[in-house]
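Next up: some structures, all given as structure tokens.
Common to both upcoming complexes is subunit A, partnered first by subunit B, then by subunit C.
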Partner chain A sequence: MNAIAKILIAAVAVSAAAASSADATPSVPGDQITVKGNAPAICVLGEWALKSGSASFSPGSTGVATFTSDQLTGTDGVSVLGPANALDFHAPLVCNTAISWSFSTTNGAFRLTSGAVPPSGFANQWLYGLSVGPYTSGGVQVASVDSFTSSGAPQYESYGLNAGDSERIAYMDMVFTPVAQNLRMLAGNYSESITLTVSPTL
Partner chain B sequence: MIRAAAGLGILMALAATPALCAAPSQMLTVQSSVATRCKMLPPQVTGAGTNFTSAGAGGRLDLTNFVNSSDKTQAVNAQLEFSIVCTGAHSLTVGTQSGGLNDQTAGTPGSGFVTHADYGLSASWDNTTKSLTTNGTAASVDLSQTGPASGNLVIDLNLAAGIGPLQAGDYTDAIIVQLNTAQ
Partner chain C sequence: MRKSLKVAVRTLVSALCILGLAVNAASAMTVQPVVVDLKPNGGKMSATISVQNTATTPLPVELTAKVLEFTEDGAKPTVPDPGDLLIFPPQALIPPGQTQTFRIQWVGDPELKQSKSYYVTVAQLPVKLPAGQSAIQILYNFQVLVSVAATTGGPVLSIAKTGIEPDPKTKKPEAVIWVQNTGPSYGYLSHGKLDLSEIDAGGKSVFDKSLSPQDIQQTIGFGVIGPDTTRKILVPIPLPSGQGQIKATFDAGNP
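For the complex of A and B:
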């Protein structure tokens, strides 16, 4: 019955036009249903996964990659960590709108957590190269990829992508590449954290 | 009217749907630990009246002018330097095994003779110096550090002149340097 009523409404409109000259049937009041929808802007950023590189890895919303102690220094305490120890991480990303994405580093270095100041002849951190950017499922880079070498100070970078580009993204890629250094390293725990944030922009 | 109200309800629900981002941020942490490492090189030895033969991490120090024509000791000052690096806390001791130079094979010395000669030992490491004088029993000095250090462990041996007369024989002692990481 409802569908029939809607057809009648359309017919009334035509009749009304005719009525202006024919002075015929008055319009019949009726109900109208408007159906509208809005697809919300959605970005789903998945958990980090270690794609290549030698380290133990604990996935999760806070992924943790752990080098062995032997990957860091030799028996004489001198660093052996370097580009050969690079780690490549992927985090799946699906967005249906324009986005901004950003990353921030906690230390700007892979640094001794105790904060101990190294005496002469010792070092307490490694600098590293970082490459971060979006890629398609076929591994094609989408728009810009940020690459830099850390300076020892925290760093923050932000980028925007239009909808056409962001909808092509399948994952965010992050490559962490330690910088080799012929320095004697202080004993202790070392750490660096990098946070990636993706936000839809309407 | 009922249908109109229902349609309005749908519109309101859609309009209230916010922009979603199921997991806006993901943190990644890279971590590891550097173990304490210590390395010690064989010593460099200087001192008049001495001859050093390296063997492994240590060696043998011969006192070439041990006694004079009266069989009494002649003064000797020898310096041994061990290059050491430790990236963290470590224990370091320098000790004498016999507590002096002893004739290991001698029996009871003849009247007026001795079979033992004490000497002084001073060891310096990372701005700390400790000393001992042998007295016939094993002894050591402790130069352990709670943090990293690099440089030379310097051991000074001082044998005074005039000890004796010494009974003929081979006099020996062992100076033992022990270096370990301390976790």
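For the complex of A and C:
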């Protein structure tokens, strides 16, 4: 049985449960029946996918985009990573209640994991531009999209949406654009984590 | 009878529509409920949050709680829960197609004088990157509101004052209400009925709107007001004039 079939069965089961919680009022003449139910506030967060961009991508609840070494530096060790290597991620988001969303970055840079400090003329990180926002299924932007360039420090931004806007959202889109730099890069592995958090609007 | 049947049909259609959300996103993490109400003692000291993994890969998640502080602007997470909420299990690896239930239990003071609220974050855990690779990780988290009522006394919500302010985005004039909660427990504006009207400079009524609990949740959100707190709420409905006076009444109904 696939997942959709299971969900459909669950839908029927919950509907039946709603029906079974009906309050029948036989004391009222005229065969009046009142059915009560409470639909819970719920959010469905989909898997991250790479919409465009050249990186090896592992989709899933945690999306991982991996750059090859020749996408990062040339044979002389100088950075070649730049706006041409921009990555566009998206993930479905469906809620039936007003939501707020925020994102946070771990490093604020695509940074060398070893933490080594670069000598003059070398660099241990790439800064990047980040554009994040909610969209409808037709690709129409819902509310504002936030764009900024990282500073090398962790960053946190938060936004609120009313229910009307929340219900129009089909997916969140995030564009990661590395900033080009003509610097020799320290050898090693580079990483960054970006977390998108969805909350019910209080 | 027609009215009752309409209600019945509407309820069942709503339930199916909501469940339809899950159908539309087959590969996803579904979190429900997103709002949990607990009592400090008795049978409602605990509740469950279910996280469903309909993806094709295992889903590692961790649940952590932060204390919410209520201010005039709303609520903001502050410090980690000092241990008043027991979350079990705190972490789980949810297999594809499975649902994991997490129990949230109040283990703090059973004689709670003032209600407390928390954000419980359902966090997807970062994966360990393969050795020798440079990568960007994108994670999705969800926050669930968990509130624990005071042992005695519920919310007492009233409108303290009103005003008109431009919407931060559209710049159109909108009503602002200051909702006061003098009770020891948190309350929801969306559990009552809100009537708004605008009187222009000539004393003429130019706007009249009645918001049901459902309307409030759709328009404003849950409208949580902390205990002994006054919260300023912008009602995102454009007014015909920015020069009038706002009259607002709130009927808490039968909580």
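Keep in mind that, in the parts below, the second predicted complex is superposed on the first by the 166 of 202 C-alpha atoms of A that agree within 3 Å, B and C clash if a C-alpha of one lies under 4 Å from a C-alpha of the other, contacts with A are read in each partner's own complex, and residues count from 1 in each chain.
Throughout what follows, a contact is a pair of C-beta atoms (placed from the backbone, for glycine too) under 8 Å apart; a residue touches a chain by one contact, two chains touch by 3 or more.
Not measured: the values here are computed from a predicted model.
In the superposed model, A:F110 lies in contact with both subunit B and subunit C. In the overlay built on the shared chain, the residue A:T75 is in contact with subunit B alone; subunit C does not reach it. By the touch criterion defined above, A:P119 reaches subunit B but does not reach subunit C. Using the contact criterion defined above for the overlaid structures, shared-chain residue A:L186 touches subunit B, although it does not reach subunit C. In the overlay built on the shared chain, the residue A:Q32 is in contact with subunit B and with subunit C. By the touch criterion defined above, A:C43 lies against subunit B and subunit C together after alignment on the C-alpha atoms of chain A. Shared-chain residue A:Y135: touches no atom of subunit B or subunit C. In the superposition on chain A, the residues of subunit A contacting both subunit B and subunit C are 31-37, 40-48, 55, 61-67, 69, 72, 87, 89, 91, 97, 110, 174, 176, 189-200, 202. Here subunit A touches subunit C in the complex through residues 3-4, 6-8, 10-11, 14-15, 18-19, 22, 30-37, 39-48, 55, 60-67, 69, 72, 87, 89, 91-92, 94-98, 110, 143-144, 160, 162-164, 174, 176, 189-202, going by the rule given at the top.
On subunit C, the positions that touch subunit A within their shared complex are 1, 4-5, 7-8, 11-12, 14-35, 53-55, 57, 59-60, 68, 74-75, 97, 119, 121, 123-127, 129-145, 169, 217-224, 236. Residues of subunit A touching subunit B in their complex: 2, 31-38, 40-48, 55, 61-69, 71-77, 87, 89, 91, 97, 110, 112, 116, 118-119, 121-122, 174, 176, 184-200, 202.
Residues 1, 3-4, 6-7, 10-11, 14-15, 17-39, 85-89, 147-150 of subunit B touch subunit A in their complex.
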